[in-house]
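Going in written order, the chains are labelled A, B, C, D, E and F, and every chain counts its residues from 1.
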Amino acid sequence: MKKVVTLGEIMLRLSPPGYQRFVQAESFDVVYGGGEANVAVSLANYGYDAYFVSKLPKHEIGQAAVNHLRRFGVHTDYVARGGDRVGIYYLESGASMRPSKVVYDRAGSSIAEATAHDFDFDAIFSDASWFHFSGITPALGEKAAALTEAALKAAKKHDVTVSVDLNYRKNLWTPEEAKTVMSNLMQYVDVCIGNEEDAEKVLGFKPGKTDVTSGDLELAGYQDIFKQMKEQFGFKYVISSLRKSYSASDNGWSACAYDGNEFYHSREYDVRIVDRVGGGDSFAGGIIYGLLEGKNFKDALEFGVAASALKHTIFGDFNMVTVPEVENLLKGDASGRVQR
Amino acid sequence: MKKVVTLGEIMLRLSPPGYQRFVQAESFDVVYGGGEANVAVSLANYGYDAYFVSKLPKHEIGQAAVNHLRRFGVHTDYVARGGDRVGIYYLESGASMRPSKVVYDRAGSSIAEATAHDFDFDAIFSDASWFHFSGITPALGEKAAALTEAALKAAKKHDVTVSVDLNYRKNLWTPEEAKTVMSNLMQYVDVCIGNEEDAEKVLGFKPGKTDVTSGDLELAGYQDIFKQMKEQFGFKYVISSLRKSYSASDNGWSACAYDGNEFYHSREYDVRIVDRVGGGDSFAGGIIYGLLEGKNFKDALEFGVAASALKHTIFGDFNMVTVPEVENLLKGDASGRVQR
Amino acid sequence: MKKVVTLGEIMLRLSPPGYQRFVQAESFDVVYGGGEANVAVSLANYGYDAYFVSKLPKHEIGQAAVNHLRRFGVHTDYVARGGDRVGIYYLESGASMRPSKVVYDRAGSSIAEATAHDFDFDAIFSDASWFHFSGITPALGEKAAALTEAALKAAKKHDVTVSVDLNYRKNLWTPEEAKTVMSNLMQYVDVCIGNEEDAEKVLGFKPGKTDVTSGDLELAGYQDIFKQMKEQFGFKYVISSLRKSYSASDNGWSACAYDGNEFYHSREYDVRIVDRVGGGDSFAGGIIYGLLEGKNFKDALEFGVAASALKHTIFGDFNMVTVPEVENLLKGDASGRVQR
Amino acid sequence: MKKVVTLGEIMLRLSPPGYQRFVQAESFDVVYGGGEANVAVSLANYGYDAYFVSKLPKHEIGQAAVNHLRRFGVHTDYVARGGDRVGIYYLESGASMRPSKVVYDRAGSSIAEATAHDFDFDAIFSDASWFHFSGITPALGEKAAALTEAALKAAKKHDVTVSVDLNYRKNLWTPEEAKTVMSNLMQYVDVCIGNEEDAEKVLGFKPGKTDVTSGDLELAGYQDIFKQMKEQFGFKYVISSLRKSYSASDNGWSACAYDGNEFYHSREYDVRIVDRVGGGDSFAGGIIYGLLEGKNFKDALEFGVAASALKHTIFGDFNMVTVPEVENLLKGDASGRVQR
Amino acid sequence: MKKVVTLGEIMLRLSPPGYQRFVQAESFDVVYGGGEANVAVSLANYGYDAYFVSKLPKHEIGQAAVNHLRRFGVHTDYVARGGDRVGIYYLESGASMRPSKVVYDRAGSSIAEATAHDFDFDAIFSDASWFHFSGITPALGEKAAALTEAALKAAKKHDVTVSVDLNYRKNLWTPEEAKTVMSNLMQYVDVCIGNEEDAEKVLGFKPGKTDVTSGDLELAGYQDIFKQMKEQFGFKYVISSLRKSYSASDNGWSACAYDGNEFYHSREYDVRIVDRVGGGDSFAGGIIYGLLEGKNFKDALEFGVAASALKHTIFGDFNMVTVPEVENLLKGDASGRVQR
Amino acid sequence: MKKVVTLGEIMLRLSPPGYQRFVQAESFDVVYGGGEANVAVSLANYGYDAYFVSKLPKHEIGQAAVNHLRRFGVHTDYVARGGDRVGIYYLESGASMRPSKVVYDRAGSSIAEATAHDFDFDAIFSDASWFHFSGITPALGEKAAALTEAALKAAKKHDVTVSVDLNYRKNLWTPEEAKTVMSNLMQYVDVCIGNEEDAEKVLGFKPGKTDVTSGDLELAGYQDIFKQMKEQFGFKYVISSLRKSYSASDNGWSACAYDGNEFYHSREYDVRIVDRVGGGDSFAGGIIYGLLEGKNFKDALEFGVAASALKHTIFGDFNMVTVPEVENLLKGDASGRVQR
């Protein structure tokens, strides 16, 4: 089995049951999740040896996060233990025109205070095939940014392919801070995932004047940005998911991508949403699977989109789908008929 | 903060979890609600000092109703304690073409047996800005009808603006009984809220021959009725919500209104329903907020519609939304995108 | 009250709450159900003396299945007690493009091992008006097939009308096995219910060359097959429900039927699904009610379709609707307005 | 199977989950129960054809009560349908020194308004072996008292053995009212169950001067009262359960009885309480079983005590134990070892 | 109604349901609590106008804490809104010999960062009868210690009686830090509550050589310490609860106290524990009630002990008991008999 | 970390919530467990690399069992996938004098049908320190007995210490069958755990005439049996837990053991039971830990008893305690005081 590695924060997610508002809640449903952990779970579900690199407190809540990862097949050998707290995010599920709400309480978490001394990156990246990170981790603070770069250097030293999900988080840093840190990290990246907002806020790209005689302005804007991004940072692939938010209950979901030659727009799925958190992460997970399996780029893209469309029907941050389930959808069966 | 007052019954609502039918239920979800209490909660959420006037038994179930009101910010200083029972309504949530069902068990409740001696209306309406009641309270019986009129007289004595939601309840009285009692009470009312059925059953209005060459017959009917109602009772505003019941799961939701000059039809929302009980009450609450804040009438109407559209996505009778949340929707963001 | 009889297996159904996947479940919701038991519950709800004939272990899990039937009005006097186990099926509810999944664990159940000695068929069919069975029971094994034929012979001896739901189950037998067993049993059947797949897999019918100049190819295929089926086996009525699986969340639902003279296509309902298991069984239940009440065939068909459309909004295998509820929908009220 | 009949009210019981107080409850656990219904369930569990005679509204909450009885094996053929409401009692479970609390809301229930015209007592008591009622039913009001006497006369006409549980309820009537009504009804009674308080409040008996040189004063008091009761009313047996309330969590449980010759005191059980409601009813059920089976009186008494000791470990009003389970405890195995 | 004030932190409490361990939890039960908030709830339940002074974030989790207080009758007019987070504590309920566990995550909470500028202490203490604080608040940091002293000075300026619960928390500070800060604050205190460990860790007192010829060494130690404390700080009353931890399920509970003349030991209760968190706070609440009502000191002490014994039977931090419930226990009825 | 191996069946455990009886259950709590899996979890919690060897179906229920093991730290590399079903046991929790009940439905499970070809025992036992099995696995059938012996031979070939828990299961085989199979397997065993009943039913030992002048007859019987067992089979240690079943709620718990020189009786714990299933397995796990850590035998025994006493307070089959938690209890702290 191929070894794949992701680095980041796993948080305790606290969400009122069903569609309850925060002020109604007498209990919180508990899962653990975070961008890079979510990618690791996807990759474990696809059959890889997925390792999540992070730091968690020694106490029982830290242990519960470790157990949650283990349960869904992620290796936790490289989860350092120490520090003060597990980051938290509160999630209220929206419905119809009422949006979902996230309240973050993540400052001071163990991974935000971790340093390269907490990890043996040579061991971590030895024999690894892929390393994925996101723009969230360096946004946690200077220590975390330094940690991310140390990991990236080690990954490159071991010839590991690197993907990033730009994932701009306005609560964590300003666009200026993001640009300074992230522009530097892009030198290590092979596959860049991020939408229009990310491209602008994190890397400073905006669509230029494009010659659009007909067709979709938004897609044309993406094509333009993707070309600029590839040019400046030498990415092999630039990719973005595309979400049409009809409401908190129904979305359109597709993706576009550029491989230096062609610009692709995938099939679009109409999704009735059970839980949209982790949708983007499951998309990244699907893309990585497609590329690691040697699929052609268009097929890898479609795999990522189908996998992440399914994620929207699954409670929690993690995308608990298998390769055959994704392939069943790819083959065109979105009928939802009972499988006996 | 402005002081606003509502008078009525708060009932124990017992509903099977999720979409269970009554005969399947092994537990009931518990909330407390009722038309006028629901309006009070809306007004408390918008930042007013909202007082609910009612009577509840001294025992623990009565106390639980008080606590439920307090939790969501309503002042319960004017809730008299005594009498025999908390009225009950059983609610089964429908889905798709299966309608929701309500079974009432409210006879003999404390408020139905209360009299003006239970309340100090001079204190209650002192410095108050608004008084809201509905056609349900006088329908509870002769005592309650007398109590309502006593409250209305006191409100007028203190120059408090008065709104009514006509709310015809066929289980409580006949159209004839309703007309006798309600026609008399209309003399105290400034703002009248009620749909076509209410207008006919409670006040005896029917759309006349209207000269409609094109357009929406239903709206034309409303316009005609509203003019008649304004003429006869001198209401300042006549208002109705408009529900398109596509199914128990999906509704269209808008409103129309008349201010003596113009007839308005608001924006219409497509709502995926979480809980539609209290939709009309949240509409009244939104209207009252808009008028109390001195918005122009059209804007107050739109606020009421947006607020009550959101109510349909919230479990329970109460509309737990804030002014910024309603305004966000009014600005056009019905996308339901996650707010981080 | 008319006495109606069904014979088959009732299984323990274990389903993760809400939309949880199997691997997330920390609890299973428990109901008991199975094709013929589900039909019996429908008939009990419509006011008949419905008897379910089966065998269940003596232990408490067997007793719980008995109690579940009794709760919903089915007579269990003819449920033999003994044998080793209650058959199980695990059900994961799908959403949007993610299909529902069923994992069967039913081998070795008490009814699969039962014989005619366990039952007094003369008593069972004495004064009975109707007997319903399905293709599932004979598929449980040779003993169960023999038991089914014994029941059918006894039913015919007592002049009881017989209906079958062909219900092909690929986990239980091959088309060849099905054909051998089922073709023989068809001699006892008056009313045959089954879709295109059932007709082919269970009885070997395929649509022939039909002269279709316009219109719906699928319906034309059904018409052709129904004629063949009626010709070969002398059924009085041949009937099929028609499901359009837009997704696991939304289906179109109608039916077609042939009475030897006319071919009917019913009204079609768009259903937002709460639980689609038992949809076909509730259709059969509705048809039987319509025919037992002496409705004309088209009306019986529409009753069946409306009843089973409602089933899709009800949790569990059983269709907990009453005749007035079905009739309300038949009259055209699919608005889902709250019934107070 | 022997036919046994009980007459009374079945109420909706609403209880906060676990040890929650009323003011904390966001949901209520739902069961249905009442003294005479509870006795009927016990008798059904022991293998008799147990019929519960009562009246319930036609609506779904009434149906749910019917279904609850059917589920646990009670025949509901003689439950009349009509009237306004299902009586309710709210139950808060105590713990340690905090007592359980009951809030009644039962006025105006269907059975309280029922008359003899609602029932065909000749059919009901035809072939019946036993009739059980309690002091609660005549306490519901004049109509219910008349109904009870009509039932008793019919029972006697059919030579049915009659038992009563005196069950004084201070919320329903005064001792004076109780005495007037109940003294008259005692002429129909063969077996009288009731504790010291019942004997005084319902029938006016107090322990006289007894010659007690040593030993248990309370038991001596019982013996004296029992003799008086037997003398005055000609009961065949006079019986009382004896509860030692150490706390809401732990009780001692035994019984004493008099058969005209001997005064018995049963074995005493220490019970850790799961749910003590229905304890007395399960005692009555056990006694009736013992006497119907022809056990000697002492054995019947011990069966009743063991059965009702087990009731204290079972959630809800109903005693869901079988004869073998009671006998296992009677044989002395109170060890609670896992039965595999 | 008398106005009483408490100052401190209210935290979000997250506890696995029932006896689940942290690593098993898929949901957390949610309540909000904290030493001084708990005291405020007790005082509200006893009929006072109880005001809780604190600071909470503006976001919805902060609002939920406000609502929780309001629900149980505490006035939240003096809860400042702002800052970053709601402090959290995770609670795992122990059983038998397995202890309950608390994991704190409270650093950086809004109240820990608040200053006197956030509050109008003159308004707060105007007309107030009592002020209660605990050793936890000053332990939150220098800002919180300064805030506490500012509150105490204002209280004294308004002649408000002051009580303290010493409540040593080893996770928050060292004994040396505690002594420095708390010794200074004792000048404002009239009533001091704290056990042997608190006395030593917070104030540096140890039992001296006491002349104990017989009897209870522990009580003698308390008497000695109490005398020293009263002497040094001039407390009017020195009080401690006494817990005998037989196991996590069963405790003995009493208290001792000194009023300068006599040393009292209260009645001792054996408690079967539902939730022991907040036991000490409910004791303080009971004492304050007793003293405010002008009971003699011994009676106030007994009220506090009985009230807090009952707390152990109630889920959550808050003691939801009324004066009549405590008095019922004081009168000697610990039998737990059902109250109908 | 030391590698430890256990072999056996892991079943799906279905239990009604709380103290519900089977016939009341509307849901089942889901855990997975089985004697040898439970031991593996204990050993993983103590820090070893614990491998569970078994076979589970490829479907999602099989996967859920794998995930459950992974969550709690057990390595599942050697769990073969295939076969038909996951064995099931239904568990009803008793209370007070009502015993817990287990209904097995385990026939035909994947592990019962597995053979040595499913496993690479050389890899499994390479570098392993300990192998534990129980009398349940060979009782599953001839295949499973052969598989067990194959495992034992391989273990011995790799010089792995072997322990057995005799664990007689009367539903699986007769004493005669047990003796034939198990007597043969004892040649591979170093450490034998089993109580008096096991010793007799599985190996045929009964206490002989012992010279007991005073003291505990039961312990004397054990001593005699242990000597015989050691003599015949050459065990290094013979050990039994000792349960005093006061009731389903309260047990006494200790152990006795013989090392060839001395006979030990451990400290006895009074346990208030949360869940007693897996108590014996956690005892075995504790013993193995003690011996692997090189503790003296008496200390290993005490560790096992303390660990398994704690198990009784934990829901599910698995003993989720850490070494420090057991040591805390061993040091004498059974007070259950809150650990902050």
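One rule holds for everything that comes next: contacts are C-beta pairs under 8 Å (C-beta built on N, C-alpha and C of every residue); 3 or more make two chains touch, one makes a residue touch a chain.
Going by UniProt, the chains are A, B, C, D, E, F = 2-dehydro-3-deoxygluconokinase.
A quick note: this is a predicted structure, and the numbers were derived from the prediction, not measured.
Asks: Hey, what chains does subunit A share as contacts with subunit D?
Replies: B, C, E, F
Asks: Do subunit E and subunit F, two copies of one chain sequence, contact each other through the same residue numbers, with over half in common, or through different ones?
Replies: Different: fewer than half of the residue numbers at the subunit E-subunit F interface appear in both copies.
Asks: Let me spell it out: compute each chain's centre from its C-alpha atoms, then which one is farthest from subunit A's centre?
Replies: So the farthest one, by centre of C-alpha atoms, is D.
Asks: Rounded to a whole Å, what is the gap between the Cα centroids of subunit A and subunit B?
Replies: 45
Asks: Using the average of all C-alpha atoms in each chain as its centre, how far is it in Å between subunit B and subunit F?
Replies: Chain centres of subunit B and subunit F, defined by C-alpha means, are spaced 63 Å apart.
Asks: Could you check subunit D for residues that touch two or more other chains and list them?
Replies: 21, 23, 26, 67, 72, 101
Asks: So how do the chains connect up here, line, ring, star, complete, or something else (other)?
Replies: other
Asks: Please name which positions on subunit B make contact with subunit D in the complex.
Replies: So the residues of subunit B in touch with subunit D come to 14, 17, 21-23, 25-30, 59-61, 63-64, 67, 84-86, 88, 90, 92, 101, 103, 105, 107-108.
Asks: Which residues of subunit F touch subunit E in their complex?
Replies: Touching subunit E: residues 18, 72, 269-274, 309-310, 312-316, 320-321, 325, 329, 333-340 of subunit F.
Asks: Tell me, which parts of subunit D touch subunit C in their complex?
Replies: 67-68, 70-73
Asks: Contact residues on subunit A for subunit B in the complex?
Replies: Spelled out, the residues of subunit A in touch with subunit B are 18-21, 23-24, 94-102, 104, 169-171, 245-250, 276-277.
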